[in-house]
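Every chain is named by a letter (A, B, C, D, E and F) in the order it is written, and numbering of its residues begins at 1.
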Amino acid sequence: MKAIYITRRETFNAAHKLWREDWSEQKNWEVFGKCSNHNWHGHNFELFVTVKGLPNPDTGFVINLKDLSVLLKEQVIEELDHRNLNLDVPFMKDVLASTENLAIAIWDRIYLPIQKVGGELVKIKLVETENNYVEYYGGKEPI
Amino acid sequence: MKAIYITRRETFNAAHKLWREDWSEQKNWEVFGKCSNHNWHGHNFELFVTVKGLPNPDTGFVINLKDLSVLLKEQVIEELDHRNLNLDVPFMKDVLASTENLAIAIWDRIYLPIQKVGGELVKIKLVETENNYVEYYGGKEPI
Amino acid sequence: MKAIYITRRETFNAAHKLWREDWSEQKNWEVFGKCSNHNWHGHNFELFVTVKGLPNPDTGFVINLKDLSVLLKEQVIEELDHRNLNLDVPFMKDVLASTENLAIAIWDRIYLPIQKVGGELVKIKLVETENNYVEYYGGKEPI
Amino acid sequence: MKAIYITRRETFNAAHKLWREDWSEQKNWEVFGKCSNHNWHGHNFELFVTVKGLPNPDTGFVINLKDLSVLLKEQVIEELDHRNLNLDVPFMKDVLASTENLAIAIWDRIYLPIQKVGGELVKIKLVETENNYVEYYGGKEPI
Amino acid sequence: MKAIYITRRETFNAAHKLWREDWSEQKNWEVFGKCSNHNWHGHNFELFVTVKGLPNPDTGFVINLKDLSVLLKEQVIEELDHRNLNLDVPFMKDVLASTENLAIAIWDRIYLPIQKVGGELVKIKLVETENNYVEYYGGKEPI
Amino acid sequence: MKAIYITRRETFNAAHKLWREDWSEQKNWEVFGKCSNHNWHGHNFELFVTVKGLPNPDTGFVINLKDLSVLLKEQVIEELDHRNLNLDVPFMKDVLASTENLAIAIWDRIYLPIQKVGGELVKIKLVETENNYVEYYGGKEPI
């Protein structure tokens, strides 16, 4: 009955822009401001992934962080690190490259793989700058 | 159904003291310790404001962070930055200038304005030092 | 009705290893990796303790942080700081020295003492490295 | 005789890539690795600018940080923030967009303007990620 | 011949204002801006004190950090923490309470006491906010 | 003539104690305090390695950070990470495991290897806790 929450941080550096092809230059600027710069800009993103579970009595672990880190690197970091979120990332195709949408896409990508190694994904926190971040709980109420 | 939470950080530097006129010098010291120093002390405060919503399909945004930042600067930061929380801040009048009370006052001040720009305020985190902070959810259970 | 959450950070530096006497060298390595090193390793731990309550109308405080800090130093930090979690800590005896188990043990140790000074412990966050931490809510749903 | 050094931090988010048109795809990869990704990547850069001087007896200031901040925003941040270092920045034209070269270019751009407001630029520190940064002292021995 | 530099961090929270009695309201505002607010503002200051020496062959220490910390707490932190830099601090009397002047005053206060416990003070770094700090080397060229 | 300084951060977690076999229990306690705990304690160390050079006109690099990182991982991190500094590290044999001595030992270990890949090591910064760190310049005056 001792549910506990463990979080792993991973980092990646990526370029993106907030831009809609079906909007005028002016409208893109009005809505997205500097983030609409044609030639991209970028960030050092920090990703925090939280898994819920009971500590395994044999290991004391909710989940083996080595396994979780390998999974995150394969499923997420290799796809995003030193990439362009608008151009290079299949699972962000046809999605506006906002931090919100990226967090949701990462959730959808890792929920089942984490379940397969015995963990329950309950939260993603994605930090874009020291001044803003988003949190996503799979559409459920937050932990 | 993809509710997501976005957080904006703002900072301000302010002076305050914890002091009750209706208490003796000695009682103020016993309860508030160094924080009762007559001539004030101060902090670099960090304010984290969290808004809940669905990403707008047109923009990918829960709320436009530019709008949120302008609102916070007008409603909160201009009132608190380089101020004395006990003397200079109308919305802290007659309230003990504890971090708890300040967080509640900030919530009460920005809840409706944020609602007007289409967001739902769900959390305030107010960091006073690297060793203490408070979180407030409008009196509801926390997110 | 204005429940608010206040958090105090304390730090301690400790050695530990993840190791089971009843497992072979090889199995310990497979499960615990570098953390199973015979001769120990260590961390600068950060402990965040969150207490819920209504601000006392007389003081503006949920709990007096001086009291909370003294309590944490006596009950936790003096027991853990510059110690070996496997060898030196009575309340970790016979428990695998994982971050998860340490967080639970700290909770069990401070829940009643905090209650006695008038606070309700609702969360412990224990940071082991910049890349991983655990959170524990007494087995309840998280705040 | 009381020379003192004052530092102002500014931040900007930018995209870049490390890439030479006159090299093959393969050579670019061998030398620049992931940083050569065609479609760019990006960072949250932190710029620390250090000015040396005697505190003005009238103000206690080596330099007025408001003036320094305005100067940096006009000369550097507006040129770099939410930009592509390879494509959008006139003063980086024909220069490999390495952190080293960017630091030197920033120095050359602000040395005289800082001198005009009465300060002596002595150091630039440019942080690209939490794991790497460069420092430049105008080619002189470091402070 | 193995000179090495060891640094101790201490923190204090203080109020101050930048204000000259012999200047008009308007001139104070023009020069000091928000920092001239009559009723004070404040900061969480971080003080980094660097001592140079050879590691003692008996202890491996340049200086015993316990001794250095006690000295700093007695000479500096107790005088500044939860104080008003303009009103409460004898060694800042008649000095404009700028970060520059405070760093110099701290140097002058601890240079000889550190020498008496066998260390050579070579640098003070005083951080006022995440965006500005000063460094002082006793008027000598920096380390 | 454009010498520039580039710094790479690496991290490792290790156990150690400050203890002399030829001293009594009491003397060890008097000098080393809690750091003399028989059963060890530990830290998350941060190592910053600074290399000086001219940016290579072909690459814009003082040194390729990938090469530097590989070198540091092979020469230093693999030897120290998840180790006991007193027991597990050949190059710390017969040396008191103080931060000062560890910084000097790391310098001696990597100076020539860095020279072989074309860089000049000029500084090591070794952070033991948020409150103390040492800097070493090979016994020369600091940069």
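The rule is short, and it goes like this: contacts are C-beta pairs under 8 Å (C-beta built on N, C-alpha and C of every residue); 3 or more make two chains touch, one makes a residue touch a chain.
No experiment lies behind these values; they were computed from the predicted model shown.
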For chain D placed onto chain E, the superposition rotation in degrees, Cα atoms, nearest 5: 120
Between chain D and chain A, distance of the C-alpha-averaged centres to the nearest whole Å: 29
Centre-of-Cα separation between chain D and chain B, whole angstrom: 34
Chain A and chain E, separation of their C-alpha mean positions in angstrom: 41
Where chain D touches two or more other chains at once, by residue number: 130
Pairs of chains, among all present, that meet the touch criterion: A-B, A-C, A-D, B-C, B-E, C-F, D-E, D-F, E-F
Complex interface listing, chain F residues touching chain D: 1-10, 50, 55, 58-62, 64-66, 143
Complex contact set, residues of chain A against chain D: 11, 13-16, 34-35, 37, 39-44, 81-84, 87-88, 129-130
Contacting residues of chain C [partner chain A, same complex]: 18, 20, 31-33, 95-101, 103-104, 130-137, 139, 141-142
